[in-house]
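You will see two complexes here that share subunit A, one where it goes with subunit B and one where it goes with subunit C.
Showing the complex of A and B:
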């Protein structure tokens, strides 16, 4: 399952110009599937970085605008898009000039596989 | 909980003390009645009947235990709701799992994913698709478009361009209309 999914994510990675990494983790940043190029910044792949989103999305959901679904962070050289699919978190890391809308459109193509992955996380201790 | 029990015990003790003192006082009072001395140092400043004075204490002690859990649960509920609604900015810092927990979880996920059934990955829908070499050669080897068809297309495009160039906008009224501002 993981190999098929990784191939599929690599295929998606090639489709979007400037996208460096697609990461599916649990809310603590523990990776389940990862597809990354050499250009992906290693600091952004660590659980320390990814787990911040779990807290941020919870707090952002209290702002009175409903449940927070996606957080887009723009940095000087990179952009990080994180999607709330709890118990899973999808993280996309791309260059700063990568087409953000194109990355967001990948959600529909990854969505069908999340159900199986969510059961893996739910069953784990 | 211990302080709650202590309070209950204390209130019971107070009510018991009041009752005992009330009995003593009533005994003394009867003796005093005989002497017909209504005002002395033991006389109440506010004239409250003894029954009314004593009645509230047991009533409170009797009703307090059922009320306390309600109040406690209500307070807990309010506390929980407040804690849920508060945006805790201080808690937003990065946190890391213990290395042992992290590695254990990675191992568990890997094992479960390895046992999971393969995922049917459907090909993505594409606007343009590659064709095989044989199909490509067959398409390229076909005879080109007929001269008559080419002339037809060329003439149709020329006539369409001519029709477009003859389009004009004829205005019958003034394009700039003054507003009736005094």
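Showing the complex of A and C:
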């Protein structure tokens, strides 16, 4: 299952220009599936970077606008798009000029694969 | 701020056979959408336009016509760096 998903993520990486990495983790930042090119920044792949999203999305959900779904962080040379699919977190890392809208539209395509993975993570002790 | 864009969108929607209209910025983020144009398609429209521009990079961006049995989708880019993408969905009848 995970191999198929990894292959699919690699296929998506090729489809979007400037997308360096797709990462599916649990909310603590533990990687479950990873597809990355060699351009992906190592600092952004560490659990402490990814787990920060867990806190940020919790805080953003308290702003009175409903549950936070996505956080887009633009840096000088990268953009990081993180999606709240609790208990899973999807992280996309791309170049600063990468097509943000195209990455956001990948959500619908990845979603069907997440159901089984989310069940496994939710049942883990 | 977006009043002018809304006005243009409404104007386009009044054209006969037009069923939808969407505007996106160069990052693929939707600026305005009306009719049967889906907000999520903004990114894909910009991606299609980017690929088409690579065919002849020295010329100005082409207008793309995606033609199906019953519908057409016309995509046009305005400006190069901070450009805007417009897509119009038209019925063939």
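For this structure, a couple of remarks:
Everything that follows uses one rule, which is that the second predicted complex is superposed on the first by the 125 of 125 C-alpha atoms of A that agree within 3 Å, B and C clash if a C-alpha of one lies under 4 Å from a C-alpha of the other, contacts with A are read in each partner's own complex, and residues count from 1 in each chain.
Assume contacts are C-beta pairs under 8 Å (C-beta built on N, C-alpha and C of every residue); 3 or more make two chains touch, one makes a residue touch a chain.
None of these values were measured; they are calculated from a predicted model.
With the two structures aligned on subunit A, subunit B fits next to subunit C without clashing. Contact with subunit B, but none with subunit C, is seen for A:2 once the two complexes are overlaid on the shared chain. In the superposition on chain A, A:30 makes contact with subunit B only, while subunit C stays out of contact range. In the superposed model, A:65 lies in contact with neither subunit B nor subunit C. Once the two complexes are laid over each other on the shared chain, residue contacts for A:56 go to subunit B alone; subunit C is not touched.
In the superposition on chain A, contact of A:116 is made with subunit B only, not with subunit C. Taking subunit A as the reference, the larger set of touched residues comes from B, when subunit B and subunit C are compared. Of the two partner chains placed by superposition, A:43 touches none, neither subunit B nor subunit C.
Minimum Cα-Cα distance between subunit B and subunit C in the superposed model: 9 Å. Here subunit A touches subunit B in the complex through residues 1-2, 4-5, 7-8, 11, 15, 26, 28-33, 47-49, 51-52, 55-56, 59, 62-63, 109, 113, 116-117, 120-121, 123-125, going by the rule given at the top. Interface of subunit B with subunit A (complex): residues 84-89, 91-97, 102, 104-106, 108-110, 112-114, 116-119, 121, 124. Touching subunit C in their complex are the following residues of subunit A: 16-17, 97-105, 108. For subunit C in complex with subunit A, the residues that touch the partner chain are 24, 27-30, 40-44, 46-47, 50.
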